[in-house]
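Chain nomenclature is as follows: A, B, C and D, assigned in order of appearance, with residue numbering initiated at 1 for each chain independently.
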Amino acid sequence: MSAADTTRNIAGREAAPPRPLLHVILVRPETMTLALLILAVIVASQLSPFFLDINYILRSFTLSAEFAIVALVFTMVIIAGEIDLSPAANMALSACLFAWAQASGIPMPVAILIGLAAGLAMGALNAFMVIALQLPSIIVTIGTLTLYRGLAQIIAGDKSIRVPDWFIGIDKVLVLGIPVPVVIFVVVSLLLGLILAGTIFGRQIYQIGTNEVAARYAGIRTRRIKLVLFLLMGLVAAVAGMMTASRLGSVRYDLGLGGELQMVLMAMLGGTYIFGGRGTILGTFLAAWLLVVVSTGMTVANLLPAIQLTVLGVLLIVAIIATNFIYSRTQR
Amino acid sequence: MSEADATPLISARDISKSFAGVEVLRGVDLDLMKGEIHALLGENGAGKSTFAKILAGVHLPTRGTLALNGQPVEVTNPVVAQKLGITLIHQEPISFPDLSVAENLVLGRSEDGWFSKVPWAEMTREAHRYMDLLGVHIDVTRPMRGLSIADQQMVEIARALASDSRLIIMDEPTAPLTPREVETLFGIARRLRDEGRTIIFISHRLEEVRALCDRVTIFRDGDKIATDTIGNLSDADIIRLMIGRPLKEYMHKHSATIGDVALEVQGLTLPGVFYDIGFSVRHGEIVGLGGLVGAGRTDVARAIFGVAPAESGTVKVNGKAAEIEKPEDAIALGLAFVPEDRAVAGIFRTLPVEQNITAAIPGKIAPAGIIRRAVEKSLAQDAVKKLRIRLASVKQPIGELSGGNQQKAILARWLLADPSILILDEPTRGIDIGVKAEFYDMIGELAAQGRAILLISSEMPELLALCDRILVMAEGRLTAELSRAEANQEKIMSAAVPRSQRVEEAA
Amino acid sequence: MNALRSILVRRETGIAVMIVLFTVVVSLYKPQFFTLNSLRVILLLTPLVMIAAMGQMLVLVARHVDLSIGSMLGLSAMVTGMMFRDMPGIPWGLGFVVAIGIGALLGLVNGALVTLFRLPAIIVTLGTLNLYRGLTFIVSNARQVDRQFIPSELKAMSQTSPILGIPWIIFMAFAVALATYWFVMHTRVGRQIFALGSNPVAAPLRGIKVTQVTLLVFAISGALSGLAGIMYASRWGFVNPSNTGFGFEFQVIAAVVIGGVSINGGVGSVLGVVLGVLLMGCVAAALPLLGIPGTAQGAIYGAVILVALLIDRSVRQQGIAGLRIARA
Amino acid sequence: MLKKSLIALAAGLALSTGALAQDKIDIVFIGKNTGNPYFDSLTKGFVEACQKIACNFEFVAPATAEATSQIPFIEAQIQRGVDVIAISPNSPDALNQVFDAARAKGIIVMTVNGDITGNESHRDLTILPTDFTKVGADQIEMVGSLIGYEGEIAILSATTEAPDQNFWIKGMNEAIKDPKYAKMKLVATVYGDDQPEKSTSEMEALLANYPDLKGVIAPTTVGVAAAAQVVQSRGVAEQVNVTGLGLPSEMRDFVKDGTVKAFQLWSPYNEGWLAAHLAVDLKAGKAKNEVGSTFEVPDLGTITINEGNSINTQSSLTTFTAENIDQFDF
């Protein structure tokens, strides 16, 4: 009662004046990400003379491209007010199923379909537990992340499963001098960016993440939209798993291990608000490059992973402090 | 009052309060005597709750002083208030649902250090004592979660006793209670008064005020209008003082032609919540749905709209049986629902006003799934103009708007959907008096356009002024249907108050 | 009747039943599982998790989460180990003071970031998870502290026993659990943690100093991780910058969630957490005995977490249904 | 346009640094993970060699030992244009593609202390500490001598698919068929995944499942330490003899208090020492990477390149006992 009254009273004043346009454009988390990206490029090129080579940077990006692609969908899930920590494990399990299927003589197209179907099924299980059973998605997906990777381990054991030679090397194929995984990342970014910003589906994702109850009252199909997001997550994770298989030439249960952390980092560095309702594909897009530049810059300077971990930790904390600060300034 | 008691327990002088530049309380002087039950009366937003909260330390006054027993005091927060012996009992008591009743009772009272021992046995014994004192039977070792609101109030009162409060403020305590529970509450209140404590009683119900209180203070639009012994004022006096103008000024000049039945409900039942609800609303008609908070009115509306569907019963829209399982179904049939709690079920706080306004018409702003920004903007701007929503820009987050303007935006959202049936749940709650009048005009106009309107309201004058017919609910059942001509406050109230035999029927 | 019902729907009963069922089923196949020695094996698997789980429980009860415990364990163990290595002859008991102190300090940093900047704990501690691990590498120069440098008295704590052949560290773990029980049930601040998690909006209205209590909760979580750190050195006899404490947070959170602590705050019991830890220990001890390959372990843990969630939900729903009947 | 100039810039930089380092070759050793004490000693061999001969040495390693974590480090070395990449691979096949890319740039790729079994064509040569075909037999003989050639024995290995360990276990299974070991019985092979916790649980399960167990071979440094700790804390060191492959620094206490009577290993230092010398000689043309060719390494003598471009630093395992363990500082 008192809380409701307080908000009412605070809201009871006159409408605030509009903010200057420049302020609106500049004071947003993506600006921070872009600034950090530029800074990172400058620092990295000072750290090592070998860093500033666009081909090298692109090649290094392919090492994180699969995570980056999944992180785009991950961003949408967070904006919708949920979280899915299982996609990296999903990548491993669907890739293992795919590799196991083709290794046991099932024709390649069918094996690919099996992998994709597995990814969808894993997304569907998450969706079922979160949407139908109304369990908190963070704990559900910590559970399924353990389960999916565990199943991958049961299927593949500690063995690596080879994929055929012609399937290997997606990262070595260049389109206009750009490795295919990077091209896919850019295309998916554009596509999802347009969907999120320009379609009613994207709009409703923001609305659900901002206030799910109000969204339901407004006739928005909240459950269906979340279902679509979890399924999309599963599907994209499966695709990413197979892309990883192609890049490595073999599949093991530990494929993509720790990828969930990378995805969280990308989304958070891109200014996505952990509690939903805010964030953009552009932010995650920039953050993916930021992360690659930071880690590549440090690796090529032969800095020990110690420093890398420390820098990543500090970066994450700085980014959320900045993001929260920006949101608190723009939302009075 | 004898001369010995002449020092007031609390002397408030020139108490004023502004929220973000809007003055909601102006220069209130009030003395509260020891051993009296003092009613604060006034319409919603008149300032009585704000005043009570200043006494309890929830708000700080912008101006003015308080004295306790003649000594000036500053009540900077609720903890200080508690220490000074002032307890505020909220209508929906604030509690810690996972802690036991006994713990809720004593939490925040002790001054001891962090690592001092919690005296469980003593605490439980003491809790039992207070429960016995109040004559209620609550297992004090069970967690607070799941306690009825009446019991939670009892715990709050026990808490006031436990901290030996001299002033106990009850903010609309009776609204969610059954008559029997109200009687118990009154008995306790009288006993506390006879012990020399002071009780502030905030209520809308004149009969309760009359039955319980010694003196009454009336607020209107942030001003204290009058303080007097209850016996000196007739009901008519009080109402006149509260509204400050004759009732009929509110009357909306309704000229709509009433058409066919738009919405018809039969035998709607959701066990435990409401039973056998049947009524109809015609095009051009405003039907009021009155009753006490918790009578099940909102639940009926939520059921019709598909938010929480009923288990049995039928809903017909324009004569055709309708299967409404989720809000989408209702919207497709031309229904619209402006919910009661704006912050929870209405607005998208951080999103721009225009996105809030167009939220229910995806098909219009994005015919092929792709948003047409120009269409969206012009629709939003038209709505802003038409409903006179005051804002800086339609790109502004809606959270930056005032409550009344937020509510207008929600109404605008539904008007864009061009509904033929509109359900309004407490549409003017927490809205400035001036904006309220605008809303009344708008509602009348909407009916005149031939829409069927179901208006849920706890404010009887609002129902009486606007509605062609008034339905009343009590304890999940319809208890009265009053035509405009026969309706008055007494009839509504007598139908709204639960009767003991009805309780038995329901059981 | 009611008392019986309330015992039956209690979470602790559920876990206890699961432990008993599990033990019975495993013992039918492998009678060796039902021996005193096997109990000792199970208990030896649990002390580190149990100690850290007590801290994690408090954090969860206060509506936060601490993902950095594994890294705090690693860093405090490393500093303590290096102290033993570089200052030979230092009293071994001092290691406890140092480890707990460093852990508490790291926990305070978490708490400060959460309270001062009003940041979500899950992200803050994800950041410090990396940060503290990185610092561990930096202070240790990526070098392991070998067995010979860990004082033998410390190592003996994991091996010598005061009674029944059960080593000291297990008693220490249970002592920590008892102390936590006393802390949450019998101190004012302990109850305030529950109140804070139960209703964060109302807490300040009842005079609860939210900032201080939150800082305290994170500091305790850090201090207990530090204690677990020096016990790691005792149990395994070395401190490694990358392995020590790595992935520890998952084990602990799983045990705590299985033990019935709600991630929505306000709910949790020491007994439940102890049983949750023991259940995990039973599973971990039984798998090799049954000859189930380690590769299946992950899937089993995942399934256990999901099952615990489902049980939680059905209990919650029964509660609500019961309420509805009572009201009607 | 920008891209072109960037490439030109990078190429220029690469040229200039390349010119600077002309007289010394650049060697990078990529370990399995940082903080792994095994590689401290191995790295020391590299460092001390490069203080004497014409090479620059750097050590890098990922934070975790998972299959793909070494890839960015290899990519970085390619970009840096080093001459030799020495690596202890975390995966037998996930690195194939990036190895190919490195070799295409003229970098010599040598695996050290472990090979990419089954994918040998993706590296130039491998340096193994000893003749792996003899490890199994040596270990069986060692445990046999400890238990008097009679009784049940078990193996506590690393992961189920660890290639080296599996190769040795195969050797053990062969060796035990010798009539000399007729009274010995290999009752179980279990896997502790090279984690102390897991290895401990598996060891405890062995003791519970096989009460008559006389000896345990743990051919992995993590496993042997964990197994030793279990018998020590259970006080059954007299009944169960633990041996295997371990680091003296981790096993010293167990040997001194009698928990473990003897265990074996090789010299990791020599692996680094040899690898650095071979790298310099190959680049200088003093040695040829051909099966059967030989070259000289100070302190180690003449080394031959064996079948499959494989080199051993010592012919048989070193045995550590209470008498000699203090002579080793790794």
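One rule holds in what follows: a contact is a pair of C-beta atoms (placed from the backbone, for glycine too) under 8 Å apart; a residue touches a chain by one contact, two chains touch by 3 or more.
Every value quoted in this text rests on a predicted model; they were computed, and no experiment measured them.
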Both-way neighbours, i.e. chains that touch chain C and touch chain B: A
Maximum centroid distance from chain A, chain identifier (CA atoms): B
Contact-richer chain pair [C-D vs A-B]: A-B
Computed distance of Cα centres, chain D from chain A, in Å: 37
Chain A and chain B: spacing of chain centres that average the CA atoms, whole Å: 44
Computed distance of Cα centres, chain D from chain B, in Å: 75
Multi-partner residues of chain B (each touching 2 or more other chains): 58, 94
Per-residue overlap in chain A, given as positions that touch at least 2 other chains: 2, 157-158, 304-306, 308-309
Multi-chain contact sites of chain D, meaning residues that touch two or more partners: 34, 61, 63-64, 160
All chain pairs that touch each other: A-B, A-C, A-D, B-C, C-D
Chain C to chain A touching residues, read off their complex: 113, 117-120, 122-124, 126-138, 142, 201, 205, 241, 250, 253-254, 257, 263-264, 293, 295-303, 305-306, 309-310, 313
Chain A residues within the chain B interface of the complex: 1-2, 4-5, 7-18, 198-201, 203-204, 206-207, 210-211, 213-221, 277-278, 331-332
Chain C - residues contacting chain B, complex: 185-192, 194-195, 197-199, 201-208, 216, 266-267, 319, 323-328
Footprint of chain C on chain A - complex, ascending: 2-3, 129, 133-136, 138-140, 142-151, 153-154, 157-158, 253, 261, 264, 268, 274-275, 304-314, 316-317, 320-321, 324
Residue ranges of chain B in contact with chain A within the complex: 19-22, 24, 49-50, 53, 58, 90-92, 94, 171, 305, 307, 326-328, 330-331, 337, 339, 341, 343-351, 355, 359-360, 362, 365-366, 369-371, 390-393, 395-397, 399-403, 405-406, 413, 430, 432
